[in-house]
Amino acid sequence: MIKAGIIGSTGYAGAELVRILLRHPEAEIVWYGSRSYVGKEYAEIYGSYFKIVDSVCLDDNLDELANEADVIFTATPQGFCASKMTEELLRKTKVIDLSADYRIKDPKRYEEWYGIHHETPEFLQEAVYGLPELNREKIRTARLIANPGCFPTCSILTVLPAVKRGLIDQDTLIIDAKSGTTGAGRGAKVQNLYCEVNETVKAYGVTVHRHTPEIEDQIACISGHPSVVQFTPHLIPMNRGIFATVYASLKPGVTEEDFRKAYEEEYKDETFVRVLGDGRIPETRWVKGSNYADVGFKIDQRTGRAVMMGAIDNIVKGAAGQAVQNMNLLFGLPEDSGLRMVPESV
Amino acid sequence: MIKAGIIGSTGYAGAELVRILLRHPEAEIVWYGSRSYVGKEYAEIYGSYFKIVDSVCLDDNLDELANEADVIFTATPQGFCASKMTEELLRKTKVIDLSADYRIKDPKRYEEWYGIHHETPEFLQEAVYGLPELNREKIRTARLIANPGCFPTCSILTVLPAVKRGLIDQDTLIIDAKSGTTGAGRGAKVQNLYCEVNETVKAYGVTVHRHTPEIEDQIACISGHPSVVQFTPHLIPMNRGIFATVYASLKPGVTEEDFRKAYEEEYKDETFVRVLGDGRIPETRWVKGSNYADVGFKIDQRTGRAVMMGAIDNIVKGAAGQAVQNMNLLFGLPEDSGLRMVPESV
Amino acid sequence: MIKAGIIGSTGYAGAELVRILLRHPEAEIVWYGSRSYVGKEYAEIYGSYFKIVDSVCLDDNLDELANEADVIFTATPQGFCASKMTEELLRKTKVIDLSADYRIKDPKRYEEWYGIHHETPEFLQEAVYGLPELNREKIRTARLIANPGCFPTCSILTVLPAVKRGLIDQDTLIIDAKSGTTGAGRGAKVQNLYCEVNETVKAYGVTVHRHTPEIEDQIACISGHPSVVQFTPHLIPMNRGIFATVYASLKPGVTEEDFRKAYEEEYKDETFVRVLGDGRIPETRWVKGSNYADVGFKIDQRTGRAVMMGAIDNIVKGAAGQAVQNMNLLFGLPEDSGLRMVPESV
Amino acid sequence: MIKAGIIGSTGYAGAELVRILLRHPEAEIVWYGSRSYVGKEYAEIYGSYFKIVDSVCLDDNLDELANEADVIFTATPQGFCASKMTEELLRKTKVIDLSADYRIKDPKRYEEWYGIHHETPEFLQEAVYGLPELNREKIRTARLIANPGCFPTCSILTVLPAVKRGLIDQDTLIIDAKSGTTGAGRGAKVQNLYCEVNETVKAYGVTVHRHTPEIEDQIACISGHPSVVQFTPHLIPMNRGIFATVYASLKPGVTEEDFRKAYEEEYKDETFVRVLGDGRIPETRWVKGSNYADVGFKIDQRTGRAVMMGAIDNIVKGAAGQAVQNMNLLFGLPEDSGLRMVPESV
């Protein structure tokens, strides 16, 4: 059994890691870290785990944890993981970081968009961007995984085949994303109160959202040439789910059949990416609670554009599920081990 | 592998049966029945099952199905199952009926409350009321299971220990229940449109709801003497969940400790009933997506009453999950086989 | 024009006071008090008031405000208003207190249920409980109004005719209430975050909720004899609305016609109480955004009980609307002045 | 008093017309038309109007109605109004059509996008597109108003100043819109049931939505040259509101100040368009229940694009409110007569 420790286990991504790992056939949780709730029973914070988890929340002691765990998940605020990273830690244990600390290779770029000084840039080159559909082989042998952001996961999987095969003009990419409110975290803020989110929609982080450079970097990796991307997230009154609507101009002569072929071929061996059939549009409910990413597209010859659409559960494929997928790869397990959750029908 | 057929597989309870059986280690679905969608791919109705289920909806042919299936689940409108029941059918296969047809032993009482003539009352005595916490042994050897209603399941489990041990005056029982909207079914009715249910609460079926006699009959079974029960359901803007608040006058001298002892002892071997600790109140979210029933109580010496509270997921423990629990018992499997879903944390 | 000052104008009840007073033909707001947002533009906190309100939030200076305002609304936490009350203040201005400070005449009872020492009990006898349907004449000449709580308003109006005419056994009263989340206030608490309230229902304050003694006191006022009441509130995933389901045993021989007569007669001159016709059940959406209280009932001869039901908008008739209704009475205006809002159809 | 008749008064837009006209100082409703509910009390369909409206629903008899009403609002399915239009009707009464029948001047284009044959194209040239911010003077003297669609209203008002002043490359316009579920109408369809819309987001009508040609035509009117527009609507789990996020490439040298100036100047005399200050993003809740359109923008020099955003209440400014605004213009009343609703704070 893989021994797993979770730092930040009482946030929404952390709690979803718990839900998934509890039913994982090859892993067990040895450490429920939560700075805010040290000493409190985990099942008191999330009543769902009553009579399932009888552990108590522990402090964020990475050094001690490294001796006990085969893998540490850090579901922590930006900057935390980078501030604690050491060579010794990585010698003892694998680290899957759900924060953004190791996602952007250029520390200056990280500091510009995040406004945080990166304390351990020496690990940036080693860290592997943990999108299995992109970096499966590198992940298998990594010590430190930069688990992708929720918006980048959804956005990249939505456009990957089109970008890789050059079907679109990459410089025209516009990503309009809609996210459920778990994406805003579990911090006690007025703006995230029920009555402030319910019955309303708004954009946020317009032109400056931190996931922008992450998306741009990966698009550049896929195609081999850099470009700027327009990214606008919106907050939606629902708990889970991200829907990305992506617009791009078609390269001359590109047809619906080219898209169909690209998507079917690129994803034909992927367990967790479902390419929808003609005319089918993703919906976030069809992936809720599961690790699937559903992708589809419509070609608009009238406007000369592709409209590509993707849907994920932001705290599963966009966070905890993907982290476990990475864990499976790191430890040589079947990639879908513990991840065969069927999405809810309603 | 148990071969299971589902009649009414595109309703909400039917679709949840699919979700559960798809991950059941000892069962497989051989028949996706749905009168409304005959010939249509099941995954077109519920996109969640895309690339998971590749079957097509079939008609409601119980006779043909009986030859193929070891067990048939009827998640159908009231009257359907009773109209099709035959001795031959029960010789060939087990039937778990999720409708109310065999829940009430007295056909006149059934006809009074449901306004439907019962076509096969000869099977009423044989049918076992499928609440495992009450009738576990009888279920094991049954051919025909009357799967309990969602409100009765929640209500009965909430009061069972108090009623059984005579801690309350049974004639004072008042059940005020709050249900998510899956309980209203998937029929295309104006009153169940999003905008008609969202941002509002109402009572319905006040004094005349059909689950009343079912609750009364089981309360009478538990205590050995009949009584009338006040039952009022309310419709709540959420998908899943039932919360029952039950009021009853305390018998003289009864204390909080008597309640604590009764609940802990009655449920100590039950996998799916969780008795909450002192001061903890159930919430429907803590059982969402799982087969748990969470129960708790507060003793109010000031008013001389007990306030007993229970929460279930109406389409799991209140329908599909309980049906699978019954199937497990019918086939000698571990009672929690395929039912170890961890409730969602959010 | 009546000059009105609002202390606590950025809470949900305060903001609703603003919405109503802005369109009141005889009143204007001269003071937007908000300790948390002093110096900030009011329209920055509630974007709805952009280009409608150009005032800035001021501190909670009651003395200064008393010189400027004809009436002060205190939409503040328990204890605040009582701590500031002086004879001088009441000589200069009228006070309508939306907190509980002057609702319970017995300061010991207040301190027991609220856990707060009452600093100015000398004003308790003078304060008038501001439920116009009960105390209209006293309100007209008062200086200090104790604006009723949201649950008591809904509960009392739901049972008033039955209690007043002795149709029910008052000692059997059980009130099961369901409230929207504005009732939980605008404080930044984890338990009120969108994802903690959405898709779930729970009871709270079971057997100990602070509105219990207020309801009991008013029931005693109406009938002339005291009794204990069972009161249980529940939190519902919606913004606005309270639905109260009230159970009580019928006095011998009481019929549906007795109830019909009692309700029609008691409320025949009330602008804001709508007695629903036979078989109609209230819904919170039918009163949303308005000052109406809708009440209805079903007589259950089978159980010997009445089920009385009421619905209000908790921040209108349950708070701000009722406060303006009281202001209208205090200043000799038509009672519905500024309060003729038509409830939203959807 | 203006006598107003409403055809289709029980749909969501029709019901909102009722809510607004009931409080309009210069209008009264003389005809509650509703083919589906003929003979039924209007207040039985919408309980909000109990004791406010005591009328009964009438059939859709335009000829008879024309004799009684000064203005007829047709809140009816596409094709209805065009099928009934006659010269005689327009001689007797004004018509404000909330359907799309007279919005698109070219009947072939209408038939292409709507798949409906236009029965009275002879009135297309006379009909005035009823967006007051665009066509105020023409509206005043019209007989037949084509009340704009909800998405076009929001989209056009969001981009009008930028398009009119040529600040953007009009051929790059992409409109990504998010709509509440009242936009889907009140028809009894499975896809609009509470449980099918709640907790999910999806796009619909991708590349083929019928509001596309309407938006394109008006953009062409404003700028004087035609272009194709990419338009994608999404369905959001909330009742009311549309949020439009509009992307376009900046013309060379265009700055944030150019935008600021354009928006402030264009809208400086508009009562119902609120241009948000620097850094402020619209939210649909800030306009809920009101006739306001809130617009804002962010200039992204990094990508060379403008991100323009607008929010309206889809059944007020996007339907019924705008229709009343048009009525006010038609009858020489102040444009905001009956329309000074303050948006809800929560």
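Note that the chains take the letters A, B, C and D in the order they are written out, and that residue 1 is the start of every chain.
Note that a contact is a pair of C-beta atoms (placed from the backbone, for glycine too) under 8 Å apart; a residue touches a chain by one contact, two chains touch by 3 or more.
This is a predicted model, so every value here is computed, not measured.
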item	value
Interface composition of copies chain A and chain B: same or different, split at half	same
Which of A-C and C-D has more C-beta contact pairs	C-D
Degree value of the rotation bringing chain B onto chain C, based on Cα positions, nearest 5	180
Chain B and chain C: spacing of chain centres that average the CA atoms, whole Å	38
Centroid distance [mean C-alpha coordinates] between chain D and chain C, Å	37
Averaged-CA centre spacing for the pair chain C and chain A, given as whole angstrom	46
Per-residue multi-chain contacts in chain A, two or more chains	12, 182, 195-196, 198-199, 237-240, 282-283, 285, 288, 346
Contacting residues of chain D [partner chain A, same complex]	174, 176, 178, 180, 195-196, 198-204, 206-207, 228-230, 232, 234, 236-241, 243, 245, 247, 281-285, 288, 298-300, 302-303, 305, 307, 309, 311, 346
Chain A residues touching chain C - in the complex, by the definition given at the top	12, 181-182, 184, 186, 188-190, 192-199, 237-239
Residues of chain A touching chain B in the complex	12, 15-16, 18-19, 22-23, 46-52, 182, 199, 239-240, 274, 276, 280, 282-283, 285-290, 294, 315, 340, 342-346
